[in-house]
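The following blocks contain the structures, represented as structure tokens.
Two complexes, one shared chain (chain A), two partners (chain B, chain C).
Moving on to the complex of A and B:
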């Protein structure tokens, strides 16, 4: 059962997923107690952190473009999924409109950072500033939607938020000067402190004999953002806001009685969640290098829901692992399914071809995981940890 | 900060640096992108002394899986034969095929997976996927045969179109309807089109033609998810529209034509190339389609008596006898793309450069390219211009191979010959 997971941890995302050494303390965020690790636990934590960081820094030197590109998508998805798992798992609000906020982040960054030109309007702001403003914009959109979220619950909120996706797609298709219309727009290259996060075909840069192109540079940027997003999430969940959100989730009237301002915390959850989606959107745009409306459809909204459910609701590590699972498994299976025996590889031959087989395996893995471990990947990890501590 | 954690930080850093250096030492650098082979031909990625590798990014599991598979049959027919004859430039042509399932993110990752191993892309299917990869193709200087016929692709010098664009198809269609189906000056023409690049591009052709010929257009925009077009067809009928253009999927075509038939509307339909699939003739819409529907296409139907289509029909029947009934125009298209790619590679070989740059230069040097009528005459001499302007008119006929019979041989309306897309 842990096969897909162990497959994932061996790859570039290993830091993000092997990060929860301290997660060994957090079993259920609902019952979090202040951590007081024993000295031996601390030493093991340090060792794991050292190995994780070293592996993460080394990845661009060993992984090829395919793995790096996949990792970029996975980290963008992980950040956005953290936002959704906060909303759904911690605050108990179902949202199918996560891609709407993702699109605001992606298109917001593109519009703000792009130069005004014949292909579309733009403000030409410095990319870092544009990214921050795009995230703020996504947060604002979440805040504007929160009065509706305050009034609806469960599946009703899910359907209402799904409306946002259609609304977003309509805008994307019909405001060509802003969004580029059907053909999308090029995403401006991100620059920070003089570093251009793009390939330079005329002046290729080599670090220790390895060509450092766009994917290699972006890897480090994405890694930092993902780790910060992860740590911020855990901090938030362990603190006062996290407890308040869970109180609202478990019983609103009780939360009200103990003095939690329910409406304000619901709005707060939407604000933070959509800002996470905004960050994810900016990363997504950078990973894509061109934004097209088709990328932000209903299918993606459902995929995000799948990520947080597969990962385990409300758990930070779960969201990251779920994002890796959902964004990696299909392309990885597609890559290696040609080696499966008994498949029809001849063109025109009857039978299952490798691409279809990859889809079947993916579907089967999802069903099996949720059937045997409803707690998702976080539940699997918890089980493994319990077994190792029992052995000690 | 305690001593332990400071030591830990130091440890992290030194270990990281050590690992990075170690990894860098072991890592293989892919610098040998171009070189020169024994026969003096300069070679690029994916080219060895005996093999040329081309990439195929297609849809095997998404909404256009049918088209993707048909193209593959055509491509296989062409290259099996050509490789048996010695390939091109004394090298066999091989393909690395990847499924993107019509999803933009998977198109980007599968592209990253194969880009260093192939000389060019023999197929990139889908407008959204081409749009998503457009900048990347530019940067990698990757010559790409697109499976999409939108004029908006003409802006990218590396994207090679192989047929008549949707807008010019529609101009020809309007012209044909006026000459053959009683559409007269001052009349109304309906156009049901799918939102997105394909539909918009087709509509821009209709609008231009209507202006030129003194017609008025009644637009009706649909989404991919609309399955029942009753409202749209009824509205067009109420406005007195007798001629309707369709630029949607084959499911949309089946719905629109069946509704007109069931209600007894006096309507003639004419659809863009992707709006028909032979599978429709096995369904309930068969009678209505055979009575009311025509199609416009720059690819010959496999039942055509032209030399290119006849030869393809013979070969196809020999290799896939049980599939000839459903051999859609995409088979001919896949075969035609083989002809195009072969011509490009052959020209590149003669210039002594099987590199990406060499392939692109060879493509621009092709000028006029004939495929024995399989695809309309192609003219690549003017970069950024529509490569073809001729079309066939076809109609559904369950009794012939591929379910489509030729009604009108290749022609170009005078206005279609001079039309320039606005963007």
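Moving on to the complex of A and C:
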């Protein structure tokens, strides 16, 4: 049971890369000073990375479908959360409209890849191309919104972006041929280089005596996408764009004076963040196999906000951990409701419904972390690490 | 013409309700610099208590209303004392996100108590009775909302302008450190603002859930969210702007709903999105709302 956890929350690299070789970014996004790599740390990093990669590759052979499916949810959420933590933590722009871009990714992929039929219209493009175009669409939507985003500060932007969510829901409600109506629409199977990412009951495929169905194949696909998204985020944050974004976040007029094109970087942050949300949306659609309009409401936007705050703002590993935490709470509580006091074991039974309990927990976690550890889970991890190094 | 007049009256009445919500939102922002996303939650708590007290007892409705107002005010001030106060000096965004956490917990609990698809009737004295004047037929609840809204708003502004506490509140909003040096207790002023905001939210909640709405529903909170665009349209730090913003949103929404037949090209349910569209339009021209103070940055 611990395998998918290690694989999905942090991927093979996070424990390694959040160590300090150049980890000044991680310790405090505001003060970036390039630290000289220590040879011992580097060697340890390689060892941990290799072990992590091996563990991640082995996961589908040991974990059952329930945990693999959860890992898929978590990775889809993690990619989108990376986009939000970039926007909020690094660029300092509050967005409550993240689900709008997620919806564009999910519905864009479904529309572009699906065959035209009675259940909904579609273009029938190859799935891989459809996924790329859907992400591009999300990015385009982000660019179109960025003139508004560039003019507004902090909280004004937060509420304006809340409007995006309602705008998106309105479009989805009025486009039944796109969404398949209230009952939603099934998502076309992803195929890449001849591999169908679905269960084939007619020709079951076995690898080392393990049935390789939909979850097992998707695990590798999602893992690659998540790792790439994660590494890209870290590179961006450590490089020139990251420094510029933080300068804009911390003191806009100063950034302008030292020559950072403020408006362009704000638009840039929105573009990248919405593309991350687009990738997350495609993964979300693939993981759930069905897209329903009402899933993309304000509640989901708040969930994403909770993920990045719980994980620790602006920190890549934090976004991934927060995404896993928030997306796993309801299914895990449901699965273990029999063992947990006060939870309803089935709908209608006495006790608190697991999905309600999940909301209490993550709402409470957001409040408690902001009060006591604004760095989120990343802050807690940093503190633990500092304590262990102090003891050595 | 009759339709237009009827829509005008219901639009103004809905606008008054939004104005009450937006006003509470704005005074909290002015007094403590916090954008309070838990505002719809305060409204839900107040309305829930009104409905429950009204059902469970044979008390007069006014007492149920007072109980709801008191409950919302107490919760609001508790949030301020226990959660917002310790966060003093932190970024506005951090505190705002924390109020989202408060909102999630409260809404979840209220929705759980109501049950997902059900609603709680308000047991108000007006019911679904109609008022007829000439060709016009207007529900009594809408008239009551308009009258109560005007009275409460007028009372608030009189208090805000003339009473000692009102002056203290304006002083803190104007210049917090000078106000503190002059002996104004900022903590008390802030607590007072939250109390008022809770009370105003409960009153607004009552009129949001009476006829033609069947009662308090889980979806009521989504309607209350439209008070945010109302406050933003007027300018987050302008009390007068909150009233204007509320009326604009209420009128726009009601007119769009009333003339939906002529606006089919915009899609079903466009009236629910219109407040946000108006808000984005206003923000494009005036990034701090119609009457908000422009943020000046000294370089």
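The criterion applied here is as follows: the second predicted complex is superposed on the first by the 332 of 392 C-alpha atoms of A that agree within 3 Å, B and C clash if a C-alpha of one lies under 4 Å from a C-alpha of the other, contacts with A are read in each partner's own complex, and residues count from 1 in each chain.
FYI, contacts are C-beta pairs under 8 Å (C-beta built on N, C-alpha and C of every residue); 3 or more make two chains touch, one makes a residue touch a chain.
Quick caveat: nothing in here was measured; it's all calculated off a predicted structure.
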{"item": "Touching partner for A:61 - first (chain B), second (chain C), both, neither", "value": "first"}
{"item": "Partner chain(s) touched by A:353 [first = chain B, second = chain C, both, neither]", "value": "both"}
{"item": "First, second, both or neither for A:153, with chain B first and chain C second", "value": "second"}
{"item": "First (chain B), second (chain C), both or neither touched by A:132", "value": "neither"}
{"item": "Which superposed partner A:51 touches (first chain B, second chain C, both, neither)", "value": "first"}
{"item": "First (chain B), second (chain C), both or neither touched by A:140", "value": "neither"}
{"item": "Partner chain(s) touched by A:215 [first = chain B, second = chain C, both, neither]", "value": "first"}
{"item": "Partner, of chain C and chain B, that touches more residues belonging to chain A", "value": "B"}
{"item": "Touching partner for A:289 - first (chain B), second (chain C), both, neither", "value": "first"}
{"item": "Which superposed partner A:309 touches (first chain B, second chain C, both, neither)", "value": "second"}
{"item": "Overlap of the chain B and chain C footprints on chain A, listed as residue numbers", "value": "173, 353, 356, 359"}
{"item": "Residues on chain B engaged by chain A in the complex (per definition of touch)", "value": "4-5, 8, 11-12, 15-16, 18-27, 29-31, 60-61, 69, 72-73, 75-76, 98-99, 101, 103-106, 108-110, 112-113, 115-116, 127-128, 131-136, 139, 152, 195-197, 200, 319-320, 323"}
{"item": "In the complex, chain A residues that touch chain B", "value": "42, 46, 49-51, 53-55, 57-58, 61-62, 64-66, 68-70, 73, 173, 181-184, 186, 199, 201, 206-211, 215, 287-290, 292-295, 299, 327, 330-331, 334-335, 347-348, 353, 355-356, 358-359"}
{"item": "Chain C to chain A touching residues, read off their complex", "value": "35, 83, 86-87, 90, 92-98, 100-105, 108-109, 112, 222, 225, 228-229, 232, 236, 267-270, 272-273, 276-277, 279-280, 283-284, 287-289, 295, 297, 299"}
{"item": "Contact footprint of chain C on chain A as seen in their complex", "value": "88, 92, 94, 148, 151-156, 158-160, 162-163, 166-167, 170-171, 173-174, 252-253, 257, 298, 302, 305-306, 309, 352-353, 356, 359-360, 362-367, 370-371, 374"}
